[in-house]
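One chain, subunit A, links the two complexes that follow: it is found with subunit B in the first and with subunit C in the second.
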Partner chain A sequence: MLHQAIANAPTVFEGTANTIAVIVLLLEFGMLRAALLRAQVQLYAVQSLAVSVLAVVVAAGRGIPELYVLAGLSFVLKAVIVPIVVLRLLRDARADIAGSGALGVASEVVLSIVVAAFGFFAFGALGITSKALPTTSLSLSAAVILVSFMLMILRRDVVSQAIGFFSLENGISMASLVVAAGMPLILEVAFLFDLLVAVVVFGVLMRVHHGQSNSLSTVHLDRLRG
Partner chain B sequence: MTVMLVLLVTVPLAMTLLSLVLPRRVTAGATVVAGIASFGFAVALVPVAEHGTVHAVGYLRADALSVVFVLATAFLYATTSIYSVGYFGEQARETRRAGGGAERQFRRYSMRFYVGFNAFAWSMLCAPLVNGLALLWVAIEITTVVSALLVALDRTDQATEAAWKYVLIASSGLGIALLATIMLYYAGARVLGDSYDLAFDPLLAVAKHLPTVPVQLAFGLAVIGFGTKVGLFPVHTWLPDAHAEAPTPISILLSGALLGTSFYAIIRYYQIAVGTLGPAFPRTILAVFGVLSLLLAALYLFGQRNIKRMLAYSSVEHMGILAIAMSFGAPLALAGLLLHVLGHATAKSTAFMGAGIFVHKYATKELGKMRGALNALPWSAPLFLIAVFALCALPPFGIFRSEFMIVFGGIQSAHGVIAAALVVLVTLAFFGLTLTTTRVLSEPAETAIPRGEPSVWMVIPMVLGLGALLMIGVHPPAELTALLQQGAAELAGSVR
Partner chain C sequence: MIDLPLPVIQALQVLTIMIGAPLVSGIVAQIEARLQGRRGPRILQPYYDLAKLFRKESLAPAGASPFFLVAPLVAFACYLTVPMLIPVLTTYALPLGSMGDILGGGIVLALASFVVAVAAAGTDDAYAQLGSSRAKTFGAITEPVVLLVVFTVALLTSTDLPYVLAATVTSGPEQIIRPAHLLAAAALFMVILFETARIPVETHTGTIELGMIEEARSFEHSGPYLALLKWGSAAKQFVFYTLFINVFVAPWGLATTQQLGAVAIAIVALLVKAVLLGAVIAVIDNVFAKLRLFKITEFVSAAFLLAVLAIFTLYLGGG
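On to the complex of A and B.
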């Protein structure tokens, strides 16, 4: 009995990978309730750092040297440049984005837990396995992706919505570490470059929005309908 | 012929960079030249693509399917660049007279417009020509970010709102499409080895051996993800806002070219999904999305008071028709689909050009206030009405021919019920689109409106568009027919 349990226990590699994936998910939940513009961006930076670390773990554990390059690039881009760009573009905005939730914080979190659980178990049931990372990491990234959608839906301020999109991309990066770890570097770099362009455009539009309405809220963006 | 491929993706890019430095009028003229040249390159590809696939520099690939979409985009690039000359003509003259700050401001605005316009056309020409699903995703994401900035160009509150909704919804959709790309990579890695570049031909060649669950997942995610950009129900919500609030030349490209280009991405996933899963699963998904989009659009067309929103909902309708045509799967319906891409591009662009002239003349987007347009605008109003009738599939225009082929293909392939639904809903849309427009435009105006067109440069592209539409409706050139047949054969999977 004990022997069997030991045989089934996850290896150090799997344990580390899953722990990092759980941290990424918890940070996503943190964004759901962040009350300050700066806190929101910092949470995203830390999440990007966690995803980069996961890439290093896979690179070392599975011997895929290209992933070191990817980890380095994604760290520089997503944990350093993107947060700086967003904060610079919004340097004259008010710091406070609390109270932009469509529901109370508690209901938002409970709802998101339900959604995350759905994503986790639904992806777990698909039977997709990979050599690079345990399937649990894939299920966790599905949960991250769904919670990032909740973030975009439930928070009514441009910063949270933009960060929701950026963290959606983090969730997809994590999923791609599981199922597409061998993807050629050039494609990964193309994706990252694309993200950078998107970030700049999001930033510019956030700035235009702020310049026009002097707020970060999206509540009054309801003129166009029908 | 590889030269043409390379030119198609370099000339618009060069024009984008030139727009940053050239003076305003030179930029406008050079953009027209670049647009017409691009269309020329696309036409030159037709005779080659009907016999097989062309490759260039490793990353470019053109077959009959991609050339159809390139033709549509390049044609609109050319005509819209002509239209833009007239669209900004009056403003340019006024600000030059005013001089000083106003002139500087307009110059900056115009520079931004032309940089974005050329970059937008470039990204849409690249999407069907890149070899590989990863690069395809990258190209489509670039179309999103460039066009979102263009939607916000006018800096009104409405434009900002539309741009924000557009960039957020479309980017999230493309996030889902990226997940689809990665799932397909996973499926392909089972057969092609851990590291490969998602190039199209190898993937299609091994489609039979891919694992089913990841491919099902990838196809479903791709339809939702790229479908967001196509404007399929229920992820179409950004579309009417962006189309209505963008400057008219951008509305033309969004509606006529961008939606089709995004649909091209779904076509590629469809080809692989059919290879792996057989036709039933992908066709069912497309039929559901298609019928629902068509139904929603037909209902929204009634009582639509904003002329540009009305045309935007008509785009949702036509994208629904494309999805339905693909779900039929019969070669005739597929050839009809490809013809419909061309027909929709020419007809919708002409209608939007007309709408842009009305908005200019009446200084409002409210359809109800455009009384007497047939009298006040002796050229553009009749041309607009003809384009609207063409959009409703009236003969002798291209859309009549394409929808006829689609419906007939549906009956042939024993999809009689869906084909009947298609006919009913298209008829419903016909009334929604034509009742108000014909009545309002022909009613006498309450106050006298000076008769005359704002600019001849805005009328010429309308004539060109309707001319092309008439040609593909009455007597399509033999080369084009061969291209469509080859494309349909590729789509049906009988060409490898």
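On to the complex of A and C.
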């Protein structure tokens, strides 16, 4: 293990790709910690930007020109349009602070580290190799997906659940960069438009929920009657 | 060009930290004041403060044990032992450099903080006791972060000697742009903010006793003893800056030979790099608000996350 680490120092391309993947994961943790709903949406925008940058890095490093198109599309859609739409919804709802999570922030982070570790090593054990990106990125995207589940489970407000779902999609598109970088562009675009549908659905959910209970918290949703 | 003998360079490492520390503090305080739109104290003010305190009489509270007076001396000695173990001026290990590894240095620093805390707890001052109790409580939760950073270094270099990591970092860009290294450096930076009592954790200036952690411990000391504590905390800050700069982030400008000129350049380079780092920290000081006391665990859990991720990515072979 020790000598492996020195001998297998990744190349600059792999190091860059892994670092961006780590940043995506850290931003996911950032969303888990963020107290302000607005900050959560902004973190999501930055995370989408990081995923787009990763696509550009793969496109440049491995010579896959379609990925430039994908990076551009996902930047416009996920880092600009979706955050603007969600922020506008938030402005209408006039709610700033998320309802507290099911646990304290420090415990949430520690629990999510455990879950992320599970994702890491489970995917690491699969032994999938890819020509486009180092396998670490795949493990990291598994961790992103699991932590976004934690975000949806632990936080008790509609916005966190929407953002958790959107960032889940970021994790999946990062994973697809690893396992299927040369995937036909039309499929990738189809995923992106799926996301648009989700934005509409969550937008309606937020509006209806806010209209009914006058808050974005989901704490009161466990009662059958109002 | 004159070649300096190794023991002289070793002594210079300690002297650089000892004499340079108040200067670095002074310049950082000046930068901070300018950022806040104040003129700020003179750059040499920390030296004047120390000189003034050394001339004053010293008082000890009634009933304080002799340990109360010994502690500042022990702590100061500890802070000056660490510069022998880390690359302050040279890229090559000096004779006493292999006396201890990073963990050894960490233990010496912990000993310093422990004796100061014990001395403060031995007085009857509620604030000094509060400070020492808090310092130890939060110290206990930052300790895992430090350990994980050390483990990362150990996995990266298969040794835990700081000189080897510095050499690894300078060996090429692929050693710098690796997630494990970047994450460990970021985690260490957060620990440094904690250890040097900077803003997300504690306000290092002013007199807000209820928010104090480290600063409250020296309330009962006076005269030369207080001077030693203040000088010691400046030296501690400079030691941490040096560790961060010369081992993790920018181990460039260090002397590779024993020539006098090279060593002189290394001293100047270290001071310049420390001031740059101090400027970054001063900006953080002005941008962020102090965390509530019970939010400090969240700050530390973020640092812990970074350090754990460093280890994870290394084990996956992609770090």
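Following the convention adopted for this analysis, the second predicted complex is superposed on the first by the 212 of 226 C-alpha atoms of A that agree within 3 Å, B and C clash if a C-alpha of one lies under 4 Å from a C-alpha of the other, contacts with A are read in each partner's own complex, and residues count from 1 in each chain.
Going forward, a contact is a pair of C-beta atoms (placed from the backbone, for glycine too) under 8 Å apart; a residue touches a chain by one contact, two chains touch by 3 or more.
The structure presented is a predicted model; accordingly, all values stated were derived computationally and were not measured.
Peer 1: Once the two structures are overlaid on subunit A, check if subunit B and subunit C clash or fit side by side.
Peer 2: After superposition on subunit A, subunit B vs subunit C: fit, no clash.
Peer 1: Using the touch definition from the top, say if A:12 reaches subunit B (first), subunit C (second), both or neither.
Peer 2: In the superposition, A:12 touches subunit C alone.
Peer 1: Please indicate which partner A:105 is in contact with in the superposed arrangement: first for subunit B, second for subunit C, both, or neither.
Peer 2: Touch status of A:105: second partner only.
Peer 1: Which of the two partners, first being subunit B and second being subunit C, lies in contact with A:149: first, second, both, or neither?
Peer 2: A:149 sits against subunit B, while subunit C stays out of touch.
Peer 1: Looking at the overlay, what does A:218 touch: subunit B (first), subunit C (second), both, or neither?
Peer 2: Only subunit B; A:218 stays clear of subunit C.
Peer 1: With both complexes overlaid on chain A, does A:136 touch subunit B (first), subunit C (second), both or neither?
Peer 2: second
Peer 1: Report for A:42: first if it touches subunit B alone, second if subunit C alone, otherwise both or neither.
Peer 2: Touch status of A:42: no partner.
Peer 1: Minimum CA distance, subunit B versus subunit C, superposed model, integer angstrom?
Peer 2: In the combined three-chain model, subunit B comes within 18 Å of subunit C at the C-alpha level.
Peer 1: Quick check on the complex: what are the subunit C residues that touch subunit A?
Peer 2: 154-158, 168, 173-175, 177-179, 182-183, 297-298, 300-302, 304-306, 308-309, 312-319
Peer 1: Within the complex, which stretch of subunit A touches subunit B?
Peer 2: Contact set of subunit A toward subunit B: 126-128, 130-131, 145, 149, 152, 158, 161-162, 165, 168-169, 172, 175-176, 179-184, 186-187, 190-191, 194, 197-198, 200-202, 204-205, 208-209, 212-213, 218, 221, 223-224, 226.
Peer 1: Across the complex, what residues on subunit A touch subunit C?
Peer 2: Those residues of subunit A that touch subunit C are 1-6, 8-12, 14-16, 18-19, 21-22, 25-26, 29, 33, 105-106, 109-110, 113, 116-117, 120-121, 124, 134-137, 139-140.
Peer 1: Looking at the complex, which residues from subunit B come into contact with subunit A?
Peer 2: 134-135, 137-138, 141-142, 144-145, 148-149, 152, 155, 157-158, 160-165, 167-168, 171-172, 175, 178-179, 182-183, 185-186, 189, 193-198, 213-214, 217, 240-241, 244-245, 300, 304, 309
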